Amino acid sequence: MDSDAKAAGAGLRGAGAPGAVNLYRTMLLIRRCEEQLVRAYALGLIPGPCHSCIGQEAVAAGVCANLRPDDVVFSTHRGHGHALAKGVTPGELMAELFGRVTGCSRGRGGSMHLFAPEVGLMGTSGIVGPCVLQAAGAGYSLKLLKTDRVSVAFFGDGAVGNGAFHEGLNMAAIWGLPVVFVCENNLYATEVPFAYAAKNPDVGGRGRVYGMPGVTVDGNDVLAVSQAASEAAGRARSGCGPTLIECRTYRLRPHAEGMRDGGYRTQAEIDEWKARDPIAMLRRRLVADGVAAEDELEGMDAEVKAAIGEAFEFAKGSPWPDPAAGARFVFSGE
Amino acid sequence: MDSDAKAAGAGLRGAGAPGAVNLYRTMLLIRRCEEQLVRAYALGLIPGPCHSCIGQEAVAAGVCANLRPDDVVFSTHRGHGHALAKGVTPGELMAELFGRVTGCSRGRGGSMHLFAPEVGLMGTSGIVGPCVLQAAGAGYSLKLLKTDRVSVAFFGDGAVGNGAFHEGLNMAAIWGLPVVFVCENNLYATEVPFAYAAKNPDVGGRGRVYGMPGVTVDGNDVLAVSQAASEAAGRARSGCGPTLIECRTYRLRPHAEGMRDGGYRTQAEIDEWKARDPIAMLRRRLVADGVAAEDELEGMDAEVKAAIGEAFEFAKGSPWPDPAAGARFVFSGE
Amino acid sequence: MRELTYTDAAREALAEAMRRDPTIFVVGEGIGKRGGNFNTTAGLYDLYGPERLRDTPICERGFIGLCAGAAMTGTRPVVDFMFADFILDAFGEVVNQIAKIQYMSSGRITMPIVLRGCIGAGSSAATHHSGSYYPVYAHFPGLRVAVPATPADAKGLLATALRGDDPVLFLEHKNLLATKGPVPEGEHCVPFGKARIAQEGKDLTVVAIALMVQKTLKACEDLEREGIAAEVIDPRTVAPLDMETILASLRKTGRLLVVDETFGPCGIGAEIAARVMEEAFNELDAPVRRLNGRHAPIPYSPPLESAAVPQVADIARAIRDLVAE
Amino acid sequence: MRELTYTDAAREALAEAMRRDPTIFVVGEGIGKRGGNFNTTAGLYDLYGPERLRDTPICERGFIGLCAGAAMTGTRPVVDFMFADFILDAFGEVVNQIAKIQYMSSGRITMPIVLRGCIGAGSSAATHHSGSYYPVYAHFPGLRVAVPATPADAKGLLATALRGDDPVLFLEHKNLLATKGPVPEGEHCVPFGKARIAQEGKDLTVVAIALMVQKTLKACEDLEREGIAAEVIDPRTVAPLDMETILASLRKTGRLLVVDETFGPCGIGAEIAARVMEEAFNELDAPVRRLNGRHAPIPYSPPLESAAVPQVADIARAIRDLVAE
């Protein structure tokens, strides 16, 4: 995927095309999967919380397109998209939220605790902050082991005011660790605006505070995200240290399914961002530039929907974990 | 002292003079007291650690000259100077380090746990970081209570990479709290250079990251420190929020008495800073500008030495705390 | 008496205290206009505004450390941390600062701070939103730890916390928030260190904590039909711990079971067992028994989660076994 | 056998492990060129350089969280935190991440991380440099907790920690660091969960932890002259806790005292007392007794500090009292 994506960053013509189409497919997969999870929640199939990333798909897709299977990702409570983009299957993701033993965490985690080390998803966390530190630590390993692998942290604007952000970025910078810090700035932490939580609205620029490159990109423009991620990952792979990428984006669902969503965001703001839906935006470009025809994309959508439908059936039909087995793995070798 | 100090900031002529002389006396008091504590440590009179601030007196003196008795100070493990400048007597300080019941913390704290709320010294801490948060919290109280009092945090360069710095400054900034954050950057945290601990050598400039004014001053120039503190305290008193002041200074003793001090600092660096001794520098200016004559200053020194001598006798002669009383005050009203 | 939910009862205590005392303010994520993730502050923002209902960034260590400084200087912060799991990031501030400063200052500084939020498993919130932690806070000197099991105690213990000068952990079990019960009007203070006898009985004594009180009472319904009459004690605060009431009951029944959903090792049950042995060894007709949650993180999936904490049937079994010893 | 100090013995284990395993690295403040505040890494920087002996800024939460991520991805971090009090700022990383990720990943991720540093009162280091905390770590699932009392065990337990795949708290009492004792050459692993009988005796069993082992043995010297023969057990790890050895001894002596310098409530003594009652109630000739430090912060001044933790005379008195019961 790596070269495709790099090219995609360069634009839609020629070599760029397949990359852009791949990015489109990844975003579509995340969107359809999340929509299915939203329906599943309404149906009562999800016993716990469900944090959807609808509207933010471009960040997961654009960043992970530049990662190799052996690169590692650490994420946060809103990690469905990152998991899917890194290679967790929709079936494993849905089964996890349904609490089934076939889930990527064997039903132990749910929405906020996705583990799939086999594909480099080292974990998502229900606590805001740790992913920043753990990604830095993975970077420490990858460097000490003399690999050219890369570690990525996905986190929200809400983590920026947390000490973990400060301590993690500082250590990554002074030790030149191969880490890409991706801040998904969707303007709110639950209902608290970032404009309230920080007097300084600029996240990307904070890279410089720690002595690392920092950029801010349109998080709804998957090509811009991919371009920035490609440069950051390349820098990390070649031993040039960490990068901070701020992706300005927007959450189109409530903070979590079943939560009230009124009062803290204006309709105008919501509409403005809906008009900038990352999937629709890329679709228009693909068609306008003649990279893909409407019917091709329709076909892809049908394909993805079918796959999601199958995944849903798989998850719904999967067995519950064995209660007795719930005592295992507290320690290694158990 | 407030107006004196403001004037002192303005220079040595006229109204400035008494302020400058007061600042000189405060620095001298701290220096002589620390020297006595160093001797006491060698004599085995101090059962625990002893962190001297010799060489850094200008920061405590310059900042506290701009504080009122009802302003509050929170400090760190190297807090002797801050305690003295805020009004703790040398006797109470020495008795505390000697573990006597007449100490400012009744013998419970020693060098790192100085408490004298009566004079606004709300506490020093053996843990790096909390003073930043507690000072912000005091600022929250002072604002909520509609006072024009000010809260000050003293901390070292070692605290800058700690999450408490990040979280504390951010909250103080977004809530406009009346706090002055004073970073005593003496270039090392124990033996770890700040140049290693942070890629970005600028501390003062980090104020802007949080949306507050930040300045860097020569921490060995007490008038420069006082000037910056006067502006910061004035801003805080008038409801204009917090300020970060970085004072570049240097520790002329080992990190703690009894610790080896070799290998991490070059002799050239040490000599350079010795030549910039804050007390000698001000003394030269006072004499050169005809503000004070050599013999006056000699007389002041003799006076201070005598006071320190008495304080030492008082401390040495003070009783030990009653072991049985060591169970009291775990909870209020005990 | 009029009935209120646990949450409404606690909010009533907070509202009454804030009306009475202008130095009380609340900090937390979404406790301002939003009224709190668990409606802990609903309606108060409109009355007292942003300075006294202060939304925070996500920096638990920071705002708890900040509130320590506030408590030291004349105000009375209430930290509303939503889930107790979140303030582990502030553990150093709680244990090394908040719990110690009254002592270190020889009582010249007080620390009137209330740390409140939710504990407990049972809602598939998974391992970062299901912990309880009260045994850990009870281990350290300088902290009061309240674990109300009823709406009346939620109001009464919070009211006491808001009047006192000591740091208080006020821990609300998620699965109790919606429960209803009679709650006294006006100021109602429940003293710390005074247990409540939730049910009288002669055959054995069961000390249960938080949600386990309700589950134990439920278990007792069936057991009564079997002729087993358990005395159920709700300590209400685990620090201080009312051993007098527990010992008095034990002297009557000769048997003691501690039901506590959180981890057993070095837990409340261990402390109670040790104290009972130290003070009433000869009154024991059988060893003190403990029923705790499984010694593993709380998993997400319902079948896994319900096996991880004591259920009504487990409690009934443990009671039968102990009576049979 | 050649004698080494406790510190040198532990460093030998670390040096041997680092020579054997290039994935082991150490982080901490001043553990590089400086060789560690307590000489824990003296000489190793010259052998292995800055990447494997990594000086850190003062951000305990940060570097412990970082090491968690490293442990998850193929290396074996050793966090040298100097004083155990400092890592309370990292408590969330330890309890919510390090202790849980093996479980949450169903064993697909391992967490080979060693968290080492000093505990204990007795040097007028005051309240932020004198805590012990092992009961708290023993409370949570997913953590191993070693508290060596001798140089040989300092080496053997650290060697075991460095070979295993689980998170280990390796806690070294400050007042033991300079003590000398025989230490096996070459690799020497002491298994976790296997207590050491420090002295055999028939009149009562004393379980003592860390420095309290030495103080108890000292107390026993006088008591022998009085004809009291105590069996002294050093659990060596409090998680896992070797109840088998403790129970076997108790069956022999019928009396048990737990000497632990840190806080009593919800402590190791409480856990041992509860377990003994559960498993050997009828073997007890007297209640299990606990001797703990005072339930207050550790003060600075020598007379205050020595009154705050058990001294040899206090231990002797507690033993006499228990034998007399």
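All chains are identified by letter, namely A, B, C and D, in their written order; residue positions are counted from 1 within each chain.
The rule is short, and it goes like this: a residue touches a chain if its C-beta (ideal position, glycine included) is under 8 Å from a C-beta of that chain, and two chains touch if they have at least 3 such contacts.
In this text, all values refer to a predicted model and were calculated from it rather than measured experimentally.
Between A-D and B-D, more contacting C-beta pairs join the chains of A-D.
Look at the CA centroids: the one farthest from the centroid of chain A belongs to B. Between chain B and chain C the centroid-to-centroid distance comes to 41 Å (mean Cα coordinates, whole Å).
Centres computed as Cα averages put chain B at a distance of 37 Å from chain D. Work out the mean CA point of chain A and of chain B, and you get 46 Å between them. Residue positions 105, 108-109, 113, 125, 127, 129, 161-164, 166-167, 170, 174, 196-198, 330 of chain B are each in touch with at least two other chains. Counting partner chains per residue, chain C shows two or more touched chains at residues 56-57, 59, 61-62, 85, 89, 92, 96, 103-104, 127-128, 141-142, 295-297.
On the side of chain B, the complex with chain D involves touching residues 47-49, 99-101, 105, 107-110, 112-113, 125-129, 158-159, 161-163, 189-192, 196-198, 263-264, 320-324, 326-327, 330.
Contact residues of chain D toward chain A in the complex are 23, 25, 51-52, 54, 56-57, 59, 61-75, 77, 92-93, 96-97, 101-111, 141-142, 144, 164-166. Against chain B, the residues of chain D that register as touching in their complex are 29-30, 33-34, 37, 55-59, 61-62, 85-86, 89, 123-129, 294-297, 299-304, 306-308. Of all residues in chain B, those touching chain A in their complex are 161-167, 170, 173-174, 196-200, 206, 208-212.
Looking at the complex, you find that chain A touches chain D at residues 72, 74, 105-106, 108-109, 113, 115, 117-118, 122-123, 125, 127, 129-130, 132-145, 151, 163-164, 166-168, 170-171, 174-175, 328-334.
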